[in-house]
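Here is the structure we will look at.
In this document, chain identifiers A, B, C, D and E correspond to the written order of the chains, with residue numbering beginning at 1 in each.
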Amino acid sequence: MLLSLMIFIPLLGMVAVLLLPRESEELIKRATLLFTLIPLALAVYLFIAYDRSTAGTQYVVNVPWIEAFNIQYHIGIDGLSVTLLLLTALLGPICVIASWRNIEKGIKAYMALFLLLETGMLGFFAALDLFLFYVFFELTLLPMYFLIGVWGGPRREYAAIKFFLYTLFGSVLMLVAMIAVYLNSGDPGARTFDIPTLIALASTAGHALNDLNFQIWVFLGFFIGFAVKVPIFPFHTWLPDAHVEAPTAISVILAGILLKMGTYGLVRINMAMFPQGLDHFTNGVGFWGNSLALLGFINIVYGSFCALAQTDFKKLVAYSSIGHMGFVILGLAARNDSGITGAILQMFNHGVISAMLFLLVGVLYDRAHHREINGFGGLGSRMPIYTGITTLAFMASLGLPGLSGFVGEALSLLGAYDKFKMLTILSTIGIVVGAAYFLWTLQRVFLGTLNPKYEELPEINGREILTLVPLGILTIVLGVWPNFAIDMFRESVTNLIDVLNAI
Amino acid sequence: MQPLSNIESLLYFSPEILLVIFAAAVIILDLVVKDRESVAVAYLSLVGCLCTFAAVLFTHFSFGDEGPVSLFLGMIRLDVFSSFFKVLLLLATAATILFSLRSEELDARLKGEYYALLLAITFGMFLMASSTNLLMIFISLETVSLTSYILAGFLTHSPRSSEAAFKYITYGAVASGTMLFGLSLLFGMAGTGDLAQISGRLTELLAAGEIAPLAVLIAITFVLAGVGYKIASVPFHMWSPDVYEGAPIPITAFLSVASKSAGFALFIRFFYAGFGSTELMQAVDWPFMLAIVSALTMTVGNLAALPQQNVKRLLAYSSIAHGGYLLMGGVLLTSQGVGAILFYLVVYLFMNLGAFYVVVLIANEVGSEMVEGYRGLSSRAPLVAWAMVIFLVSLAGIPPFAGFFGKWILFTAVLEQGYYWLALVGLLNSVVSLYYYARIVKAMFFEDAGEETTNVSFSTGTFALLSVFVIPTIFIGFINIFYTFSNISVSVIPMQ
Amino acid sequence: MTLQHYLVISAILFTFGIFAVLTRRNAISILMGIELILNSCNLNFAAFSRFMTPPEDISGQIIAIFGIVLAAAEAAVFLAIILAIYREFGSIRPDEVDTLKG
Amino acid sequence: MIVPLISIILLCPLAAFAVFGLFSLANRRFPRQDYLSTVAMLAALVCSFLLLREVVPTPEPHTVNWISLGGVTFSMGFYLDSVTVIMLIVVTLVSSLVHIFSMGYMHGDPRYPRFFAYLSLFSFSMLFLVVSDNLLGIYIGWELVGLCSYLLIGFWFEKDSAANACKKAFLTTRVGDVGMFIGMMMLFTKFQTLSLYGEGGIFAQAAAQLSTADMVWLSIAGVLIFCGAIGKSAQMPLHTWLPDAMEGPTPVSALIHAATMVAAGVYLTARMFPILTETSSLVIAYVGGITAIIAATIAIVRFDIKRVLAYSTISQLGYMMLAIGAGSYVAGLFHLTTHAFFKALLFLGSGSVIHAFHAMHAHAHDDEHEHAHEHEHGDHDAPGHEHGEDSDSGHILGSEIPPDQDMRNMGGLRRKMPITFVTMLIATLSISGVPFIFSGFWSKDKILAGVLERAMEWNSVHHYLLFVMTLLAAGITAFYMFRLIFMTFFGEPRNQEMHEMAHESPLSMTVPLIVLAILSFPVVNTLWFNKDYVKPPPQPHLHAPQHAYLAPDSKTGGQSVALSLFGVSEAVAAEEEGGHDTHADDGHHGHGPAHTIAMVLSIIVAGSGIFLSWLFYHRRTLSAESVATTFRPIYNLFWHKYYFDEFYDGVLVALTVWKSRLFAQFDGSVVDGIVNGVGTVTRDILAAFVGIFDNRVVDGLVNRVAQVTWAIGGKVRRIQTGAIQTYLFVVLAGIVLLILIFRAL
Amino acid sequence: MEFALKNFIFYGFALMTVASALLVVTVRNIVHAAFSLMVTLFGIAGLYVFLQADFLAATQVIVYVGGILVLILFGVMMTSGRLEMRIHIERGQLLLGGVVSLALLTLLLTVIANTPAWKNLTDDGTEFPPTTKRIGELILDGPFLLPFEVVSVLLLVALIGAALISRKEVRE
């Protein structure tokens, strides 16, 4: 009930916002903030109240929905989902605050869509029914499309439709796989979309879902669906465009949450449900056995080099996201304790850090109205606080120990090395290149002589700091005390590994 | 079960009779009422629809428990399948009448004939949904076709409308002539016009080597020409973009929904009852042929829709593509497949009519059918723009709208039969389709209207009607009604 | 005078009809082609009725009669539309009536 | 008491950083922040001294679970042995002194508070590194000190040179760190832990589990871990960042780039001592040796006082590495300690000189950098913004050494700045290895002795070679250090104007100098003369070369495991262990022949170095210029840092003519060229290529698909000609085709 | 002999039908084509007679020749004027249409030849009773009542529609 409340309060908020008159913008913003703060409160409560000692799902709601297909409204949380729910709920109000002044037209529609988006994201992370999962997955598309397309930058139309088409392309393959799973889950009438049930069936010897070939194909279907979202090379090209064009808050959501939907799906569906399929792609034998790790490696190195080549601040951050998600893939491919934990941590941390980075880019863009890295210089003396926070975010992102980015990255690599020695070693190139582009950016933007154009550039203001501080604190806390997050999903990971080892 | 005699049948024929009576009444009323601006005839036709609806319910429930009956000595059949289509068609007709009320294209002086023809075409479609005899099939098809030609060319002062009618009738005449030839071959092989017996006869003859599979193949293909032209499947689709573009918008809407639905009713009944036996399918793998046709149809429809600038034409191609999706359900020979078609038709009715209604509104207010005409609509008429978004997104099949659920059921049924390639083609097509739907959305939301920034206001009635389409488009998927459709479909699938 | 005779004649008529429809750049000629097609169908029905069904069953003939009636109705509407086309375009050449395309 | 004390040590600077960092971020001054920071450091110093008594012979780590996964646990904890304590004292001591020095030196800098916050953070990180009992902790501290180094080098980030230098420092060391991380991954995969000590620690497991078959693997792991040290301790080939790091304020150079952080590499290598194999030891020793020589020779020809010291530091660090690699564990660490003090002293002294010169210079060239007006009091080190990235390439690019750091502007300062002169002289004597009363002599001698002893024991050519390198480096060190002293403090002022302005530094700066000078005498390093206080850990994986076992007293740090691998009974091993105390580097007590030889040679070498320097730069009997002319090729070799800069400049310029301006930034040295070259090639070409690839190929492919789709749409559309007979044709042809196709099926 | 004569007449009709149909689709003058069509329709009516479909034959003559053909001629008059009697034909189109038609013909002939059920069904000359009465019964009190009624609606629609569409400018 609590969970349902959390998911649907933003939807309620959307209705409420829609009912408000278009002119009362302050009211709309406050209402939106309220309707995003409530889920945050609930998420924090769930985070605290969640029983960390068990891998089982908690706060389960399971009621029939579409009986003809045995579709249920089945939601619940385990450690992984509660972590990401917290992230989502946290970024919600932050993005609302970040949008406070930047959205000039159609604030009502913006906020309504944002709330719809939040419902989709929250629901996605809580869904335990495959169909519901898919519906929530897709539910995020439409608001995102509009949020980029209407409130985005100059090439927003292109970016929006690209995002939409890419994701839809992935998700139709996922749909096929999903239907295939459903159809093979039992005799007509006994079929199910229930994720826990399907996981159990898939590990029952002799069951149709347990067939290796079947699992491989279905794995691929889901994988491509999620790969577009993650995004994994070569499905990534929507990301830079979408990021560059999207308004700040939407970039934050895009990088912070939407990318995580992909990796979350990989863990929740691909790994848990198709361990044999996973095994086929990660057993380290031959090309296919290394393929997933290879993709992770390509993502890391490719994303990093692309980031290095960028001169647009936001694009750089976008490509860095691709690189960082590569660590998640690599960690998942390792499918051992440290790999998976590292991957999950990296998901969360990347959500926090990239959110910070995009917020920071937004701060600069709001002031200078461009994002050309080479067009700045020496801002460090003009905007010390901003520089400080940026440095923190950069350092966290490039994996400086003591900040959260390190833990996930390091654990992923440590785990991956166990299986994919060469690929992991090669992936460490990403660490250096990652440092290179961030430091180079830092140098070009903040260090050196102050660009005379920006002598009057105002320092970051209180509202902006307000959006960054919680994330900064999280970055430090998780870097110093990762168990804070790991405690949540340790049992879930152990459970998952048991499933993976059982095959 | 014995077919009812002509006299016994009359009672159960009441919906059709009512339609004819109202059609006549409309013409008479039109003669009586002198006021050219009067909308009395439209409301009379609406009342006609309502009465017919009551009659449909009556006839359905009076036989609801006893199962399907044959009427008029086996000419038509009253079953839940036909009742379903009757309701669907009535909805489409009523909606079209309401659209026509708002449309400014139509000549006010001809509205008596217009509404009478609408009722008459509905009458023909009713028969299409219930015919079980080759002759009845052909006559009902011709009734619908002839009326459609006239309606398409209804704008006598418009060259486009005349051209549409001309192309439509030329195309339709050839297609139906071909179909009639196919029917004659069927008749010649089976020696009977009764659909129920044809299957058995053909099977026997094939088994006995009395007829060559080629003969059946030719017959089926020729018949497909007639049916395919009604549902606008490749390669029989080419009339539809031109006709849809040239015809009055309400008629386009009506044709794209009602005509297609009736076509599918006929298609299902004909193929399932006539060629549904296993032996026949071994001789002529028509499901596979249909699968290919279906794949081609959606691909061609979607690809051709991509560069369109005229919204009506774009929706015409989209409607072709949807015909392709629907055909997928037809190749499956399962109650799920047919149930999926039926459900999708319901969904399609709401979303497509809704989209066309917006087109009507925009054509009235902005005076353009082109995509550019939709620029800046989000600020000029936000509610209408959002409604359009919902329709288009639903047409593209994106959750949580009804179109997704329709596709979902369809694809589940397709995959259940192992047609993975077909499902994949269909799904990739739905990705492509998103692109051109999004073009309209783009124009409405991402582009500025230029100098025309005045708000467009609409009456409450408009919004009420709009919500009639919006609400089902949003919520129909969440209602637990799939069983119903599978059950309906069982009544037309005799062999399983 | 076997069934096949009639069928062959009908097939030829049908093909001629199709040929006319495809090649004659005149709306009325197309209509003639359509009439040929319909006639071939009717001939088929009549022939099948004679040879393939019991002598007392003349449903084929009746279908052919209906076919004639439908053909008449269709011809009427067709001609009406041809007139409209002539009015709007000043021509009944089908290749000149092509404003709707693409 | 251990845990609370260490906690206090760590928390003092951390708290200082946390509180003052936040204040300084907003450029708000916390009252008396500099004093409070210093007090925090002093408190840590006191605690470090208290810890001296807590050291036990076989310490156990004190750990907590930091990351606990289902199957694996990463713990974080303290490990306190004698080395730790000594390092703690060194770090806290130098840090405290630098704090005090900075109060004078940095006075008036607009970011004065921030400077102290960074110093605190650095101290915390360094201390954390030192006390960590596991590789992960060390790595964390490792990277954090790297960050501080970055922040402090770039403290005056308005200067482009500083901005470049800090980035370069971070990136170069990160290359090494990645190697270290890979090494950690290898160890982790093998042992499922990153803890070094205790029951399940890496050392215990390695000793128990590894066989000869694993030696290659272990060597690779060892070398990879050492890569971290290469980066951080500025060893060949990653040494180039350190000279550039002199862009930072001088106290930073003293603390980070002389005394502590750069020594962390040595510390790490020492910590990894138990798992070093023969191969990895040799690699370490050679890297150290080559670094020592190359850096020393480069230092001979520098004119920038700070760069001389920087190269000297590199050279000395190489020395320490060589010691550890050659098995002279204690000697290496001993030299680390002594070097920390005298090198910090040298840097601070040079800072004092620069400070003295700078005030004048700032005055004289006020107009040149008025755009940096906010630094007119604080910007001591780099008055000119116009000079290039690397002063050392000034020879090519024109004089770009900041005038206040250019020794050619100095001379005769001993009268102007007596305290600075005396303290620096003490340090120089110490580093040059002037016998008996200076600590540097003892530690250097110990290294020489250790290397020679091993060479004799193992009869190993490698080690003889290493010994020669050591000796050579020692001589050159003495030469260039005295060159510095002579050029700076003796002779006649070369730049009269600047000389006029020079003055002795304030008390806050001279006091640390004096303290450090005292520390450069061996009396205060008594701990090192206590044979039992610091004991080298066993090296179970290090075996003498096969032939060495033929010698009667052939044994290395060989412990039972190693010996038993070779079939030697444990009893024998135990006996030998007892008998010989296993180590070659107990030089102070064991006056073996090696020790004597080493001592004599070192004195001779140092003496001749000093003598030559005296001839060249004081007496001027010999002319440096004429020697340089005579040996022009060699001189040029040194001046151009082994010529690779031209080579790489040429090649790279040819490679990327279109980016020629970029190459102006290129640093001049051999490997610098490589690193930067590779860096630039990577950055500009590869990244650009990847970027283009992404745009054109990957994205292009997708767009191509879209285009093709669209094009097909256009084609399909074209079939729709508008002529009805086309449509009819399609229908009928379609029918025919369908029939034909399905007839064929 | 009688039999042979019957055959001869049959072939005559057949030839007449096919030949005139060929003219219909080939002559370039629309009026000529219309008259050829008349001959074809007559020929078919004759064939109906051979099939002993007397009512059908009569209907064919009355409706087609009397109705449709007149209609077509009216159409010709109203649209072509006197100058535009020639039918345009394009060579490429002719070729394509010819190929398709030929292919269809081949297919149909193949089917006709290869369907055993249709083989060897010779008209044995049996006389059947006249069909008119039976047709009347079947249409008014048999299964064909419904089609009959529906066709009436259809004709009404066609009537209205034809009138509607062919009327001159609605707006003067």
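FYI, contacts are C-beta pairs under 8 Å (C-beta built on N, C-alpha and C of every residue); 3 or more make two chains touch, one makes a residue touch a chain.
The model shown is predicted, which means the values in this text are computed figures rather than measured ones.
Going by the touch criterion stated earlier, list every chain that contacts chain A and also contacts chain B.
Expected: D.
Can you tell me the least number of steps between chain A and chain C, where a step is a move to a chain it touches?
The fewest steps needed to get from chain A to chain C is 2.
Most contacts: which chain pair?
So the chains sharing the most C-beta contacts are C-E.
Taking each chain's centre as the mean of its C-alpha atoms, which one ends up farthest from the centre of chain E?
It is D whose centre lies farthest from that of chain E.
So, comparing each chain's Cα centre against the centre of all protein Cα atoms, which one is closest?
Closest chain centre to the overall C-alpha centroid: A.
Name the chain whose C-alpha centroid is farthest from the C-alpha centroid of chain C.
D
If you average the CA atoms of chain C and of chain D, how many Å lie between those two points?
From the centre of chain C to the centre of chain D is 96 Å.
Taking each chain's centre as the mean position of its Cα atoms, how many Å separate chain B from chain C?
From the centre of chain B to the centre of chain C is 26 Å.
Between chain A and chain E, what is the separation of their C-alpha centroids in Å?
Centre-to-centre distance between chain A and chain E: 71 Å.
Approximately how many whole Å separate the CA-defined centres of chain B and chain D?
79
By residue number and range, which residues of chain A touch two or more other chains?
165, in rising order.
On chain B, where are the residues touching two or more other chains?
135, 139, 142, 146, 149-150, 153, 156, 162, 165-167, 170, 174, 178, 185, 188-189, 214, 218, 241-242, 307-308
Scan chain C for residues touching two or more other chains and write them down.
7, 14, 17-18, 21-23, 25, 27, 30-31, 47, 52, 59, 62, 66, 70, 73-74, 77, 81-82, 84, 87, 94-95, 97-102
Any two chains that touch count here, so list every such pair.
Once each pair is checked, the touching ones are A-B, A-D, B-C, B-D, B-E, C-D, C-E, D-E.
Could you list, by residue number, the parts of chain E that touch chain B in their complex?
107-108, 110-111, 114-118, 141-147, 150-151, 153-154, 156-158, 160-161, 164-165, 167, 169-171
Report the residues of chain D in contact with chain C in the complex, numbered from low to high.
Of all residues in chain D, those touching chain C are 717-718, 720-725, 728-729, 732.
In the complex of these two chains, what residues of chain B are touching chain E?
Within the complex, chain B contacts chain E at residues 6, 9, 20, 27, 71-76, 107, 109-110, 113, 116-117, 120, 123-124, 127, 133, 135-136, 139-140, 142-143, 146-147, 149-150, 153-154, 156-157, 162, 165, 185, 188-189, 205, 209-212, 214-215, 218.
For chain D, which residues are in contact with chain E within the complex?
725, 729, 732-733, 735-736, 739-740
Which bits of chain A are touching chain B when the two form their complex?
The contact residues of chain A facing chain B are 65-69, 106, 109, 134-135, 138-139, 141-142, 145-146, 149-150, 156-157, 160-161, 164-165, 168-169, 172-173, 175-176, 179-180, 182-183.
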